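For reference, the structures are reproduced in the following blocks.
Same chain, two partners: chain A is paired with chain B first, then with chain C.
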Partner chain A sequence: MKKRLLIVDDSSVMRRTIEKNLANYDMEIIGQAANGVEAVQMVMDKKPDVVTLDITMPEMDGIACLEEIMKINPETKVMIITALADKLTGLIALDRGARGFMYKPVNADDLSRAFDKLLKRDGE
Partner chain B sequence: MIKRLTNLPIRQKFAVIIIPLIVIILAFDYLQVRYHYLDYSDSVRLNKAITVGIEINHVVHEIQKERSISSGFLANEGDNFGIKLNRQRERTDSTLQQYYNELSSGELDELLTFHRTDLDQLNAHFDKIAALRKSIDQHRISSEESIDRFSEVNNIALNTVIKLIDETRDKEVAQQIHAIIYFLKSKEYASIERAIGTQAFSHNHIGFDLYNRFTTLVSSQNSYLDAFTIIANEESIDYYNQIVQGDEVEEVNRMREVVFANDTLSENPDDWYEASTTKINLLKRVEDYMSDNIQTKTQVIAKRSVQNFWTFLILDITIGIIAFWLMTTLVTNLLKNVKILEAYTRRISAGDMSKKVVIPTKDELGQYANTFNKMVFEIKKSHFELRKQRDKAKFLYKNIYGVSLVVFENIEQGIFLLDKEFKISKFHSKAMKEIFNNDRIAGENFSNFMRPLILPRELEALEMFMRHLFNEDMDEEVVNQLNPIDQVKIHTENNGIVATKYIRVDFTRIFRKDKIQNIMVTVSDETESILLQQHLSEAEKKKQQETERVLSILKIDPSILRGFLHNSRKMLKSISEKYEKNDKDEYSELLSFTFDIIHNLKGNAVVIGMELMANKFHEIEDGITELQSKDVRGKDFLAILYEVDEADRMIAEIAEMLYKIINIYKKFPAEGDSVSNIMVIDSLERGAELIAREVGKTVNVTFDNIENVILPEAYINPFKDMMIQLIRNSIVHGIEAPSVRMNDKKVIMGEILIELSKSDEEMFIRYKDDGRGLDMDRIKHMAVEHGIVTETQLKKMEVSQVIDLIFHEGFSTSDKSDEHAGRGQGMHLVKSIIDEYKGAYEITSTPGKSFEMTIKLPIINTKKVEE
Partner chain C sequence: MESRKEEFEATCNLFINSVSNYFKHLTEIDSDMKVPYLKESDGLVLKDFTGMIGISGSRQGFVYISANREMFADLINLFIGIEDPSEEDILDMAGEISNVVAGNVRANLGANFMISVPTVFEGMPEELNIPENVSMYVIPIKWNNHEAFVVLGLD
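Up next is the complex of A and B:
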């Protein structure tokens, strides 16, 4: 079964970039969210397997959003994709349950490699 | 006891077994030898005893005869027996003499010693015979009495014989001896019978007592003969029966019957005597026969005993020697082999396995030796294997561990392992000490170790990072992206000297059996490369500054420049003079004096376009402003003086450069104005390129028609000054960044066009760029900000009036000032030049497309006079 992906980023350009770069990757994009609140709502409604999550976002930042997602479904694989250079925040994200981490900008190769790693964790 | 026995050495064990055996055998041998010896000595002694006994029996025989004759002599009152008696006495004495001779022959020592008492007693009785004879001769004793006296002697003699011979261990001999004894007794009684008979026949009468005695004698005789016939051997009995018979024996029996009848004994006593004697002599013959027999027998026994003794001895010794030889050979061999095995095992236990054990026998020990050799071979094999493994391990140790240590000693990187408690491993590379200037590394907690070196936020991140590194659910690559100290600045202290270092720290998981065992950490000191990088960029900057200096000289009128340089040096000198005169420590006044001069000089520099110096003075100004806010001390002021000195040095360098350039001009005087034009174009092009590179943009400056218009000399510098300001403004503000231009579908390289044209009276300069045009909103905003106009004034202004604001002194659209733009002197300078030459200008700005300025200058021919 195809993994179902939710893309969360406040920049539409970034969301489109991720979407485009994953066009050839074996994954179904089930939605996009522009902020944390929207993202949490969509996680609740659509139960994605995988979420890409930006950290700096209006309304609810990535870390808070991550905590909510983990509360809803701890099995969700969350990949942080951020431009934020601060490593402490990235480490906190790993602490809160994120299992993938990437810096922006992203390209197709890096993305598919990162997703391979993220999903292979369960031996699927 | 048993334990002590079992613990004995084998040799002693053999001894324990063999010694009692030998003792028993020897004892047995002794008994055997003694037995044979006793047999022998018994026989020898018996033989001698029999010899003596025979002599005694001879004497007894003669005494028996003498007794009968003496009895007859006494009874007949010496008539018939007188002559016989004397002859008999001689015979008796002769046998006695023979007996004594035998005793003193010297061969009977042992016997004599043993039977001394018996023989002495016997000899004493023999000695009494002489006295007895005397009594008989004088008829002082009766016939009966003489018989008794002689019988007593004979009795003793016979007893002595019995005592002598009755000691033998041979059963058969003993029996025959007893037969002889019985026979002797019987013969003695026959002899007494003869004597009593002789007496009775001599008296022709026998008394009651004598009669009783006679009958008793006959019956006793018969009893002893009966006993004899019972125990004597057949040979003796046959001999007896064969010998004791005939007329004389019949006669004795007949005359006995006469005595038994107890009638008148009319028979001739001589007849009785003769018959009796004949019979007794026959008995004597039997006796001698038996004696000889027994003597022969004892001799045979003695001989046999000797034979037996030697046979046994030889056999015993032979067997003993053979047995002892066999025993010693076997035991020695056994002990030798045991010893070989023992020595061998000792050698093996001492580690020497070079030789095989050789035991030539095929017994258990030989088999043990073979087993031993096999065992040792196996041991040697496994020993060899072990040694090979050990050598391999040694090799590995030397080549891997050793190399690792060498690597740890020499590698320039810090390398160590972290455990799950973040503790630094015992072993770490030597470089760690040098990088961190710290000896206490091994065993320290890594976050404690880093605590004084990095920012708290970095430390917090580091601890979290290490935790994630040890978390196997986390991907190593993902975690490593977040290494908070992959490049970090640390301050180490060594003897009070604080050194800043840039280090790079990398983390790698070390797995054992699919579990994260440790984290390998490598630390590299990148200070040098980073400092080099900084140094390189500084050098680059310096190079640019130098270019700038040359450029700034080129674009400034030499006379103005010389005036500026001269004035600047004078004024800078006045600062140090003032400082030297300052003995009241009035630093704040000195500071304000300095600031005024520097500010003035900066103004001048800006006005003549000496950006480099303007920038330098600007820096000094900043320093002074900072100092003014606090309590000034002498040493603080020194820093300012140092800066002033440096500015002075820069001015001196520029002056020198100017001097060189002037020299060049003098050597190669200008042949025409076109040369000036080319130089101007060249310097503007290079200037544009420089500025563009500085701000990360690319730009192309195109000169149009410039070859047709030769700038009048008077306009060369003003033209250059104006153009450089415009170019700077275009590049810094007008022309967009490449990314922006790309997005806006513009050619990435910015385009600047400078076009010259002239009429008879006027000269036109058209300047155009393809940048974003003037940002009217920002101009308005900044003008209000800088206090050039008020909001209310602004609202009443036309567009052209707003544009004019950019020529206002001190106007700048930049938030911060830098040497390229910002202090707002650039456009003011352009306008002041136009105004100076009574020119005019016009500006057209198309937002997002272009900025264009046309300058009109009257043609003048007046040359400026150099100072």
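Up next is the complex of A and C:
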């Protein structure tokens, strides 16, 4: 069964870049969100299995969004993709339940390596 | 103890490295940095489209990246294969590159170097709140035959 993917980033170009670079994976892209508030609503409505999540966003940032997603469904596999390249932000995200963490800029190879690990780790 | 000038120059070098890494990692085309200079007079050095990030926390100020439409359009074409992007896409690209360049500096300066979401604009906006008494460091860059400015303003 195809995994259901939600892409969350305030940059439309970045969302489409992620969509394009993950096209070879056996995942159905169920939606895109431009901020944390939209993302939380889409997680409630569409119940994605996997979420790519930016941190610096308007309305609700990615860390607050991650906490809400974990309350709704702690089994959701969240891959943080952020420009915030400090270690503390990464540790906070992993502590709040993220399954993976990537620093922008990310290219197609970076995404492939990260998603290979994310999906393989869960035996999928 | 590091002087203010040395501290400022060290921070500028972090931004130069961040810009270089962005272009190299995503496009495999090196960017060239021209000789950076301090801008003392009022007013901003701008190209057609600009993405600006506010800086707070351990430092106060802003950083922006300004370039003509063609540079942002080339990046969009490389990333998602759109040859004639909308103005909205161009502004989005300006904001995203500014966000990544500023965010990456936190690898060295830590989480107390806080950045805002991007402000994007075309040309010179009528209202733009630029902090007073900032030193502006202009870094001219060239990537894929496109000229751009990275401008760092720090209190």
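One rule holds in what follows: the second predicted complex is superposed on the first by the 124 of 124 C-alpha atoms of A that agree within 3 Å, B and C clash if a C-alpha of one lies under 4 Å from a C-alpha of the other, contacts with A are read in each partner's own complex, and residues count from 1 in each chain.
The working rule: contacts are C-beta pairs under 8 Å (C-beta built on N, C-alpha and C of every residue); 3 or more make two chains touch, one makes a residue touch a chain.
What you see is a predicted model, and the numbers here were worked out from it, not measured in a lab.
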Which of chain B and chain C A:41 touches, first, second, both or neither: neither
Which of chain B and chain C A:117 touches, first, second, both or neither: first
First (chain B), second (chain C), both or neither touched by A:73: neither
Touched partner set for A:58, first chain B, second chain C, both or neither: second
Of chain B and chain C, the chain that contacts the larger number of chain A residues: C
Which of chain B and chain C A:95 touches, first, second, both or neither: first
Contacts of A:103 with chain B and chain C, given as first, second, both or neither: both
Contacts of A:16 with chain B and chain C, given as first, second, both or neither: second
Chain A positions touched by chain B in one structure and by chain C in the second: 88, 103
Chain A residues within the chain C interface of the complex: 10-14, 16-17, 20, 56-58, 82-86, 88-89, 103-105, 107
Of chain B, residues touching chain A in the complex: 457-458, 460-461, 464-465, 468, 473-475, 477-479, 481-484
Residue numbers on chain C that touch chain A, as the complex places them: 21-22, 25-26, 76, 79-81, 88-89, 92-93, 95-96, 99-107, 109-111, 113, 115-117
In the complex, chain A residues that touch chain B: 87-88, 90-92, 94-95, 99-103, 114, 117-118, 121
